[in-house]
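Please read through the structure below; I'll follow up with questions.
Order of writing sets the chain letters: A, B, C and D. Residues in each chain are counted from 1.
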Amino acid sequence: MPITRPALKLTHEGALKALNGALAKATELGVPQNITIVDEGGNLLAYVRMDGAKLLSRETSMSKAVTAASHRQPSSRLNPKDEVKLSLAAGQRLTNLEGGLPIIIDGQCLGAIGVGSGKGAEDVEVARAGLAAIGAEDQIP
Amino acid sequence: MPITRPALKLTHEGALKALNGALAKATELGVPQNITIVDEGGNLLAYVRMDGAKLLSRETSMSKAVTAASHRQPSSRLNPKDEVKLSLAAGQRLTNLEGGLPIIIDGQCLGAIGVGSGKGAEDVEVARAGLAAIGAEDQIP
Amino acid sequence: MPITRPALKLTHEGALKALNGALAKATELGVPQNITIVDEGGNLLAYVRMDGAKLLSRETSMSKAVTAASHRQPSSRLNPKDEVKLSLAAGQRLTNLEGGLPIIIDGQCLGAIGVGSGKGAEDVEVARAGLAAIGAEDQIP
Amino acid sequence: MPITRPALKLTHEGALKALNGALAKATELGVPQNITIVDEGGNLLAYVRMDGAKLLSRETSMSKAVTAASHRQPSSRLNPKDEVKLSLAAGQRLTNLEGGLPIIIDGQCLGAIGVGSGKGAEDVEVARAGLAAIGAEDQIP
């Protein structure tokens, strides 16, 4: 078995393009948002808090993004009856809230986008616009 | 689009006036309280712990205030079925406890008051007295 | 004495304009950077980590930004003999590293920019480009 | 040997009187300050952040107050060569910065006042005004 494997990484240009795509959609909807892009290691790549967005939703947008990057699936696919104990056992970043979507390109997870401050469906719509802006696979939560 | 926008800030005189208004009401009720005033960024502006108030309620009063400032609404308006996962995903400051009210003046949120140590309804009554002392919009939780 | 005072806030458009100005300068210099914009309360407004930037410099860029916003001056103006005890007493966000500059517009501090991953002088040059992009007062550290 | 001993506690009225005395002095000096009053257990009793005070000095004012209450002496009496290792070993609240003074009444330490945002001498002057307002023993740092 080889000791290395090739991988794809999101560039900062890619991250900002996704951020701006999400921002444009949030502006169009008139819903101020926190928009967070993380890499596949859950480390912050890009972020913006829009005028009027809820301050504490910075953390929920980060939790959503880290969850989606970790699990390589939308942040809302845990069994609701397990969501609290999973969050606690995982150090609280793991969340079942809607609005975190993995960034899948060429079948690989390069990171995730997390959106927080609107209603769940708005957060998802804004996150999907971020994915569309960079041609990542669409994710249905 | 402009790079700046005008805003109103609470002065420390305003913060202390709200604090003293809440303190007077708590004294009248005979309910010792922790009273916390934060600015719109969730940073502490003024605080008092009354004789006999519960020590740990300093933290609940802070969480209530930060939640109300962040969400620009009373701290008790989350859907109860989501309150635990929201709090965990937001780093625990987000709370659905009663007793945090935003300070709205001229239609802007300038911060919040959080009260903790009494029963929920007492905390709210004391917080509303704080708002009344500075002519802020009354808030029904 | 009034209970409110007028203030200026940075919009997210302003924050992103400063971020992009700093990013362009870092690209021109060929120095990958972490670029952090905070508001006057030290809360994150916008962020990017460039390809190749040091991961831990996300935190130094944040500390530089929070210090500059808190003290309304460049992050490198503490007396070196006090810098360690000040940082410890302030919970470690207070830093004397170069690369944090306040965002002063119309004589008011609206927040700050913190840059970290290059040499001190490079971090400062990138931060100054961020200020220039939004017409904020130039800051000599 | 008895199993209990009588003690004096500062009331919240006493804490607010000290706070207001310090506030009046800071206003007179034209130096915006963070003013923190803690009890003999190092727990927050009262606090105000004046308009224009440095945000991070909230934490230094708290560290100064906790240090003075703990050691029952001004916060600036450690041997400078030990101050960093003492701070680290004590979890960072222990500081040798000027501006923290114990509240001594009838020979007992009832808590402390910590002041931060000005120059060291200004912080001390404001803290002493807080002591004077409640007839506590003057402290020369």
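The rule is short, and it goes like this: a contact is a pair of C-beta atoms (placed from the backbone, for glycine too) under 8 Å apart; a residue touches a chain by one contact, two chains touch by 3 or more.
Because the structure is a prediction, the values reported are computed rather than measured.
Q: In degrees and to the nearest 5, what turn takes the CA positions of chain B onto those of chain C?
A: Here the rotation carrying chain B onto chain C measures out at 180 degrees.
Q: Just give me the whole-number Å value for how far the CA centre of chain B lies from that of chain C.
A: Whole-Å distance between the two chain centres: 30.
Q: Can you give the whole-Å distance between the Cα centres of chain A and chain C?
A: Distance between chain centres: 26 Å.
Q: Using Cα averages as centroids, what's the distance between chain C and chain D in whole Å?
A: Result: the chain centres lie 30 Å from each other.
Q: With chain centres defined as C-alpha means, what is the inter-centre distance between chain A and chain D in Å?
A: A distance of 44 Å separates the two centres.
Q: Mark out which residues of chain A touch at least two other chains, giving numbers and ranges.
A: 51, 55
Q: Thinking of each chain as a vertex joined to the chains it touches, would you call that graph a line, ring, star, complete, or other?
A: Chain contacts: none of line, ring, star or complete; other.
Q: With touch defined as at the top, which chains are paired up in contact here?
A: Final set of chain pairs in contact is A-B, A-C, B-C, B-D, C-D.
Q: For the complex, which residues does chain B have touching chain A?
A: 5, 41-42, 66-67, 69-72, 82, 84-86, 88-94
Q: Can you check the complex and tell me which residues of chain B touch chain C?
A: Per the stated touch rule, the residues are 1-11, 13-14, 17, 39-43, 105-106, 110, 134-135.
Q: Contact residues on chain D for chain B in the complex?
A: Chain D residues touching chain B: 9, 11-12, 15-16, 23, 43-51, 55, 58.
Q: Within their complex, state which residues of chain A touch chain B.
A: Chain A reaches chain B through residues 51, 54-57, 59-60, 63-64, 83-84, 87-88, 92-93, 95-97.
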